[in-house]
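After this come two complexes, each holding subunit A, first together with subunit B and then together with subunit C.
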Partner chain A sequence: MKIKLQHVLMLVALLALPFFTQEDRFLGFILGVTLLSVFWATGMNILYGFVGLMPLMFAAISGIAAYALLYFIAQWHIDFWQALPLATLFASLIGVLLGLPSIRLKGFYFTLCSLIIQSTITLAFIFFPTFTNGDTGINQISPPLWMGEPIKGFIFECILSVLAVTGIVLAYFIYNSQLGQRFIAIREDDVLAESLGISVFLNRVIAFFIVSLYAAIGGCFYATYIGFISPRSFDVLSSLNIWLFVAFGGKATIAGPVIGALLLAPLPFLLQSLDAYKDILSGVLIVLITLLMPGGIYGAYLAWRNSKK
Partner chain B sequence: MDALLLLIASTVSTGLLLGAIFALVAAGVTIVYGCIWLPNASNGQFFVLSGLVAWGLTSSYGFNSFTACLIVLAASILLSLVFESLLFRRLYNVPDRNISYFVITLGLTQVMSGVFSMTFSKWSDQFSLPPLIQGVTMIGPFPMTNNRILVLAIAYTSLAILFLLLRYHPIGRAIRAVFQNREAALLRGVNVHSIYKISFVLGSTIIYLGGLLYALAYSFDLSIAWTMSITAFAIMIVGGPGSVLGALVIGLIFGFTQAIVSNFTSPTVATFSYLFAMLLILLIKPNGLFLK
Partner chain C sequence: MSHLSSHPLLRVKELTLRFGGLYALNKINFEMHSGETLGMIGPNGSGKSSFVNVLTGQFTPLNGEMEFDHQSMLGKNCHQLVEMGLCRTYQSVRVFGNLSVQRNIDIAFLLLKKNGLTHEQYNHYLNWLKLRPVLHKLSKDITLFEQRKLELMMRLVLKPKLLMLDEPVGGLATSEVSEMIQLLNELKAYTSIFIIEHTMRVIKELADRVVVLIAGEKIADGPPAEIMKNKRVINEYLGSAHA
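Take a look at the complex of A and B:
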């Protein structure tokens, strides 16, 4: 496994980004959301890009983690850093449990199954308001503490950039490890992989667990960074948006999801006047990407570079 | 005692009507899926679109319901042809196209719901069409509006026509041949791509018709779109993707479920039960109840 210079440069650039938006709170907030999107997109890419399953229940797992985090904090009077691993583990186990039966399916049927699970959980968020406060959502979530000081603004963005970089590095190691190669073998031909002694079921469960971890950790940081969550923050559209980051940037590559999230996540904030058109714009992008550029931007770039050689 | 009888009668009539509309929409979805492998996730938006346009024609331009519905149906055929030639034709020869189609129609759902919330939801939040005919008929001791009886009749006639078309007409037989085996149909001289086009137009038109009938019988808001999408998918999966008979039977069952459940609690409980039924079938018998 060789480590390329441009990869290192990309990570350093990501780490340095918060320093550029230190002065401006608005830009800083956009950056924070974008870094979270980078983390989420990298996570979804492990299942969508490497294993070849499209999990539309991604946002639901984030939501479960976020609500569990707030519940644990309020119920057991523990702080964010103690509740984070608990909520993450809880949501990931729920995610694996929910995904377990659907893991045997593939392609369209898996996606449909995950869409059903996502819809069910969104409905459950709305109709069981004991934990979630229903459609109104929970606001004024207190930020995590560090040495007795609440983490806000610039420091939080630094933490998020470290989180994003950790996520990318982890995905890179998975991609280059034997595990990642098994994932790709399953994506290419699951019958052949099975006949070579790779347990399709077990590896898919592992992938599902890793992806749920990404979703859940992202959900916990999202809740405390934004300070407000509602069932709408974790609905089908959020899952589709994260999928769009992956597909737009380029699935099954490390750089693709990062590029996709960096380009698309800030758009709705930067084009405030276009806010009403946000859904339409992302819908049009989804259609166009699927029809015309299945490999995404980075995939198209790689194809162009290979054709020049 | 009388109140109970009345409740049962209203449940039965609602169940019959909802069941027929569900069956129509699900038949539209399942024909398109069985033929082209196109799981139309935006069927709920199509469903709402026809009702909304007919509402606009009747309320703003003074058309009566009958003319408005005819105009919408004619326009819907054109719209389906446009969708087919712009979007769906491009992927006809891709082997794993159902997932791409699913994603495309999810994107289309997002576009259409965005457009609706920018236009129609600014003009009104409840939509309904004026009745086709006036008056009330007594069926035994139970009053029923003539309009609803007519809607019921149109719904079941359309279902019967659809069934006969698929069973006996050469085009219907060609569509069923493509369901069963594309290559064999091709070898027997069926023009598969034109059958794809016909089945997409046919399926979409049935969905639009379902939307019109729903708008004639009930008033609706925009949230019905997503519920309808989920319901139609649930019916298709439980009945068996590509099985029109399955769509009819399961559609009726789901319609009655919704009518019965609505007497006691919120219709959302019915949606929950559809989701669970779909999940169970996907996990236990992915081919559905009506396919071998």
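Take a look at the complex of A and C:
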């Protein structure tokens, strides 16, 4: 496994980002959301890029984790750091359980099934107000405590940048491990992979579990960072947005989803005057990307570099 | 001969496979011993590929027993059978086209790394199949013949006890067919082989024994010379233009 200097520099730059927005709360907040997006996109890439399945129920799993976190904290009077692993594990197991029927499908059919699961869970968030407070959502979520002090602002963004970098490093190790090799074999040709002794089902479940962990951890931090969640925070559009980060940046690479999230996640905040057109814009982007750059920005760059050789 | 080695490597009893109202395989019985090279012939649609698909866990049979190396194969997945030592190739060539030849081989290695093919054996196979010069090419960019050899390489690193080849010379040029037959003859030293073919030429040169399948039924079983004289086989299969 080669560790390249430019990769390390990129990670250090990510870690340093909060220091540049320290003075400006608005920019700091945008950075926080962007770093969460980097973490989420990196996670989704493991299933979409490596294994070749497009998990549109991603945001639903984040949502389950976020609601579970708040429920556990309120019911059992535990703090954020104790509830985080519980909620994460809970949501990931639910995610895998919900995913089991769809995991045998592939390509378009898997995507369709995951879309249905996502829509159903969004509805469930609305119709079970005991846990979710329905469409009104839950506001004034208190931030996690550290040494008795609430974490917010600059410190929270530092934590999110550490989270994003950890997620990237983990994805890098998975990509280069035997597990990653199996994932890629399954993506390329699942029948052939099976005939070489690779259990397609088991490896897909493992990938699905890992991706659910990313979704869930991100969901827990999202809820406490923003301070407000509603079913809308975890609907189909959120899933599609994260997918767009991955596809726009470049699936199946480590850098791609990071680049995609860094470029696209801040846009809605910076173009707030265009709010009415936001969804149209992302729709147009989806179509353009699929047609013109199937490998995303980073994929196109890699292809250009290879052609120069 | 000890009792163990006289036990068949592969034993199939009353195997039946049905698709709706059609019997793809009807009460097939046969045995195969370790070290033997078995051929299976039959016209298109006679159930040859279905037979391999059932044996390698892709289809579930309606009835019957299957045993490989003293273990029942019923209910086992394709990948579990690979772990037991039963490998297969496909009728149309199947490699990871977007990955390099080296990575194709590495992926095949994933399962049995602990089982350890020695470095000498690995190098020997690589030289024998003449794959070394193309190791760094994408496997979709090498010739069909090289892809067929890559398929063999990927199975050999799995140390199979039995290798099922589904039309291994399909699509090859005449000169390459001879070379492939030569390779398969040498392959017998490393594993037992089961070959599906619909051309008698390949079977004649390779197989110790031939099973003839027509419309899902086994109509003959014996040495190639005997099969070629069999009245029923001649009438129903060899007499036709394709054989």
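One rule holds in what follows: the second predicted complex is superposed on the first by the 309 of 309 C-alpha atoms of A that agree within 3 Å, B and C clash if a C-alpha of one lies under 4 Å from a C-alpha of the other, contacts with A are read in each partner's own complex, and residues count from 1 in each chain.
In the analysis below, contacts are C-beta pairs under 8 Å (C-beta built on N, C-alpha and C of every residue); 3 or more make two chains touch, one makes a residue touch a chain.
Here the structure is a predicted model, which is why all the values come from computation and not from measurement.
Asker: Clash or fit: subunit B against subunit C, after overlaying the two structures on subunit A?
Answerer: On the shared subunit A, the partners fit.
Asker: May I ask you to decide whether A:P101 touches subunit B, subunit C, both, or neither, giving the answer as first, second, both or neither?
Answerer: first
Asker: Touching A:G283, do we find subunit B (first), subunit C (second), both, or neither?
Answerer: After superposition on chain A, A:G283 lies in contact with subunit B alone.
Asker: Classify the contacts of A:F173 with the two partner chains as first (subunit B alone), second (subunit C alone), both, or neither.
Answerer: The answer is neither, since A:F173 touches no partner chain.
Asker: Which partner does A:L196 reach: the first (subunit B), the second (subunit C), both, or neither?
Answerer: second
Asker: Looking at the overlay, does A:A185 come into contact with subunit B only (first), subunit C only (second), both, or neither?
Answerer: second
Asker: Does subunit B (first) or subunit C (second) touch A:L112, or do both, or does neither?
Answerer: The first partner, subunit B, only.
Asker: From the CA centre of subunit A, what is the angle out to the CA centres of subunit B and subunit C, nearest 10°?
Answerer: Nearest-10 rounding gives 80 degrees.
Asker: In the overlaid three-chain picture, find the nearest pair of C-alpha atoms across subunit B and subunit C and give that distance in Å.
Answerer: Superposed on chain A, the two chains' closest C-alpha atoms are separated by 10 Å.
Asker: Subunit C touches which residues of subunit A in the complex?
Answerer: Per the stated touch rule, the residues are 178, 181-182, 184-185, 188-189, 191-201.
Asker: Quick one: which bits of subunit C touch subunit A in the complex? Just the residue numbers, please.
Answerer: 56, 77-80, 82-83, 87-90, 94-99, 106-108, 110-113, 154, 158
Asker: Touching residues of subunit B toward subunit A in the complex: what are they?
Answerer: Its residues touching subunit A are 39, 87, 90-91, 96, 98-100, 102-104, 106-115, 117-118, 230, 233, 237, 268, 271-272, 275-276, 278-279, 282-283, 286.
Asker: Quick check on the complex: what are the subunit A residues that touch subunit B?
Answerer: So the residues of subunit A touching subunit B come out as 54, 101-102, 104-105, 107-109, 111-113, 116-117, 119-120, 123, 127, 237, 240, 243, 276-280, 282-287, 290-291, 294.
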